[in-house]
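Each of the next two complexes has subunit A plus one more chain, namely subunit B in the first and subunit C in the second.
What follows is the complex of A and B.
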């Protein structure tokens, strides 16, 4: 963890705690009572811890993907769409194959990665070939992904037995094994942690990671050193989408056990905050994901116990993204002027 | 940083403050202007001390007049009186020969014009003393002349001007007194008439100037052949040849197509015509901070930039850290880069040391063709000597070198042959090392 990411993490933690206190006071709840309910909801027992870990996992995959794009200088805000398309392909493959469970699970994750990668690569290709602003294209592709998924599950891919807009249930053998029995905490968490370590290795120790960081840090110097900015944009967006797509696969195989269009309650957006709070460093992002996972599950408990609306937590997360993005932007300009 | 420094700048004089990078000149300027506090000592002054920074302290997104009046805006009824602010800026520009469009947004202006905006901002506050920190580092020869014209107007009005520089030509052409700073101490202070260029140079570096190796004439085969080169908007039908073991100098005022020529030869821009050149190439880009290095990164990671094949012997996808460290250490030693460690951020190095690293990176793999674009712009005498020595050593090893420079002295010192570039075309060829300064200067400004 470098100093920059430690600083982001500290500011994030402190800012969220302060903002939560204000929200509690505004709801006429003593912060002591409120935080007690919050921490019980996040870590109070096996079920609570499992909920926190499940949210952590759901945020970690897209946050790692977002970090790849951001490190390459690409503001990918399309993780939500990439996650959805990854989940769709994963859920479809899971109902179409008949192989041993281990291979099926691998295939489901691979399908998720491919789906997300293809969706991310569209924005990467638009950037590389047409210099299309990736903020706009990834944002728009989120809407297209949602509409496409809805069309496919209500039309061509609709399960004969389905009650709503969803695919068939995966065979029980393909469901992800749980870490804690009868909970939503599955082996997707160690897979995500493995992905974080792999990403750190790629960024620090491979030429691909080096080129990606150079392109993000100083595009003109990178271009003059023979690094193809187009190729970096394409591959960074593809890998960014692949990780988000694996997040979709994890949700499909680990939680819903089928694909439906309500797969993600906005994990792809909250993951932007996770990536920024984690200072875009894979291992710090794991800590940030745990913190946000706790916010998700503790926030629910807070709502139930103390009538502090869960939306308040989301407002706080939004403010945090805003603050960190502003700091990053101003910081970059300050460094450039020096 | 500074130790017991005494400096006096009188009204109406041009006083030069010289010294190598890191000698403490900019720190002294910032203390004099009240931007940072000194640990001990006093500053007496009559009137305000204004400081024009080397790296301009302008707000890029604001207009020229907004930058100039910022902090003391003329007001009318609680709002900024735009009309009189614009008129004030225009009038100030006319008085000092600094034409700038007050309505222009600063980020759209070239460097030379931005400097005028900085000057206007300081002049708007009616300074008694004006300090200019490396004012000519980024200016073309004609812009330099204009700047000293403005400075002369200022001294006529009784303003004392302290010019920080390491260009001795300018010191001896314009200044009345010179103060030499070395490692934070004043080592010499005297009237220009009582000193010599060699004396000042020795005082600056604290010893003799390193000698540049002699030219040994070589007559190699043609290594670089350019025919009918055209780059839209910059170059039309340009041809040139460079032999192995030859330095071809390109003289010219900035903005006459030199950048397009360098980029076409480096393979960085689309062009028509033919370019035949060796595959192995080393490039020293024009703008160090923007084009050559990543300032936040370490020396080690900067040395790897553009040298993937040289740094990964075995697996091509994985970085061979040990090899990269060894190579970086070798460059740092051979090119005399002074740094705390190869893991230190490059931004902690002085400009001269950064540039030595850039030159080292370009030359360490013994490329057959080298493009050097203003290789010593803005760096001190010691670092300049190192860069010149290394370029000549590369030439003597048989490299073909294209040297683009805005400094005639540099071209004369290094080139085997000089061509003058104006409006995207090459004209006049000066060879056999018989360089005629006047004829070259005339061609540079001819249309």
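What follows is the complex of A and C.
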């Protein structure tokens, strides 16, 4: 960690603490009581730590995906839709196959990745073939994904045991093993961490990663060097969607144990903040995801224990992103260099 | 289909399209000045929430309306300030603003009214609904003229196309971009006021429902011209109105498909419109 990022980290931490104190004071809660509730909610015991880790996992997958697209200079704001379609395919496959659990879990993750990749590739193809603005296409695809998922689970794929807009429950054997027993922390977390290490290797040390970064940082130079920008756009969006889709699969197999259209309370959007705060570097994103995971679970506890609305946390996340934008960090890292 | 049915459909289209139109006009203004405005959604949210809040406490919906526009403008000013003085990445800052505004409104609901999701009913200006529709269309025409034919419009365009040349001609691109962004926020805020106090008489979480992003699409499909963006916004309004009209009338067409209709239409438009959309040359690029 260099001096500049250490300084930014210190300012960020201080800023978040100050903003949280203000939110607590505004809600007539003493910051001491409030922070106590917050930290207890995030790290206070086995259950609390597990909740933090579950939120971390849910944010980490889409954030890694977003980083791929942003590094390629593509503003993929469609992680939410990619996560949803990935989760849908994962939840459907999980109720359709009858194989040993290990293979089933692998199939569920693969289905999630394929679903998300296909959904992301639509925007990638539009960009590659028709030079369509990816901000608009990914946003539209989010809305379309929500409608498509709702249509499928209430129509052609309607489950007999569904109580809401959801598919059938997965067989118990296919539920992800937990890291801490009787909690929502599952082996999806180490899978996500593995994905982060793999992504770091791919981005830094492979020909694909090199082309991707070149297309993001200096598109004109990359084009003149013979790199096909449209091919990069297509594959970057597909891989970006694949990771978001794996996030959907992790939610299906690890937390809800079935697909539900209300699967994600906006993880795909908050993950944008996570990716940016993590500087679009896979390993730093893991740390950012942990911080945001703690904010999410601590924020819930804060709401329950001290009546500080959870939405205050989103304001703080927004402030963090806004402040980060002010550092000219992105300029050299893809997304800014368009 | 009878004539009265067609007329009521068109009327509904105008009502559904106007908030998108107002925000899209703001989008055109700020993007022509060189600032990417992805924060329209947040500005509409802030405008709608502030309008309902002020109307509730003052019992005067007009103060609410003015306050909504002012708060939207303040958010736009913040984006413009960050974009010009701090040279932020405008898309990132816009995402941040959207998070702050939607989170802030949800926080405010609980903090002020002690209830989640929705404000109590507030005094509204429902009688001003149609005047606001007309105002929106008139504004589109006026902005079209102003951007194309007036010295101020020329300066605005210069800042979006080539701020260095504008600087050389004695224009301050930073100031122009800042004010354009603030006015854009005010227009988006007016779109929020239209929803909260014109159509309804309350603010509820998620009531903007992506209209700010649809407005952004309208800006692009309208090729960054006020009339074009307004036209596309009204087409989105028509698609929304069609969705109401067709709901339950066509058995084989699932209602979820109808709900996705505006978004599918936008995607298809992107497909058919390759390379025909050229944004202002210096859009999104910090100056100097």
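Keep in mind that, in the parts below, the second predicted complex is superposed on the first by the 309 of 338 C-alpha atoms of A that agree within 3 Å, B and C clash if a C-alpha of one lies under 4 Å from a C-alpha of the other, contacts with A are read in each partner's own complex, and residues count from 1 in each chain.
Quick note on the criterion: contacts are C-beta pairs under 8 Å (C-beta built on N, C-alpha and C of every residue); 3 or more make two chains touch, one makes a residue touch a chain.
Treat the numbers as computed from the prediction; the structure is a model and nothing was measured.
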Clash or fit (per the criteria above) of subunit B with subunit C on subunit A: clash
First, second, both or neither for A:26, with subunit B first and subunit C second: second
Contacts of A:214 with subunit B and subunit C, given as first, second, both or neither: first
Partner chain(s) touched by A:206 [first = subunit B, second = subunit C, both, neither]: first
Touched partner set for A:222, first subunit B, second subunit C, both or neither: first
Touching partner for A:143 - first (subunit B), second (subunit C), both, neither: second
Of subunit C and subunit B, partner touching more subunit A residues: C
Partner chain(s) touched by A:155 [first = subunit B, second = subunit C, both, neither]: second
8-16, 26-34 or 62-70: stretch of subunit B that collides with subunit C: 62-70
Set intersection of subunit A contacts, subunit C complex versus subunit B complex: 335, 338
Subunit C residues touching subunit A - in the complex, by the definition given at the top: 38, 82, 86-89, 91-93, 95-104, 106-107, 110-111, 116, 210, 213, 216-217, 220, 254, 256-257, 259-260, 263-264, 266-267, 270-271, 273-275, 277, 284
Residue ranges of subunit B in contact with subunit A within the complex: 55, 266, 268, 283, 285, 290-297, 301, 304-306, 308, 312, 316-319, 321, 347
Contact set on subunit A toward subunit B in their complex: 205-208, 210, 214, 217-218, 220-227, 335, 337-338
List of subunit A residues in touch with subunit C within their complex: 23, 26-27, 75, 77, 126, 129-133, 135-137, 139-141, 143-144, 146-148, 150-151, 154-155, 269-270, 272-273, 276, 309, 311-315, 317-326, 328, 330-331, 335-336, 338
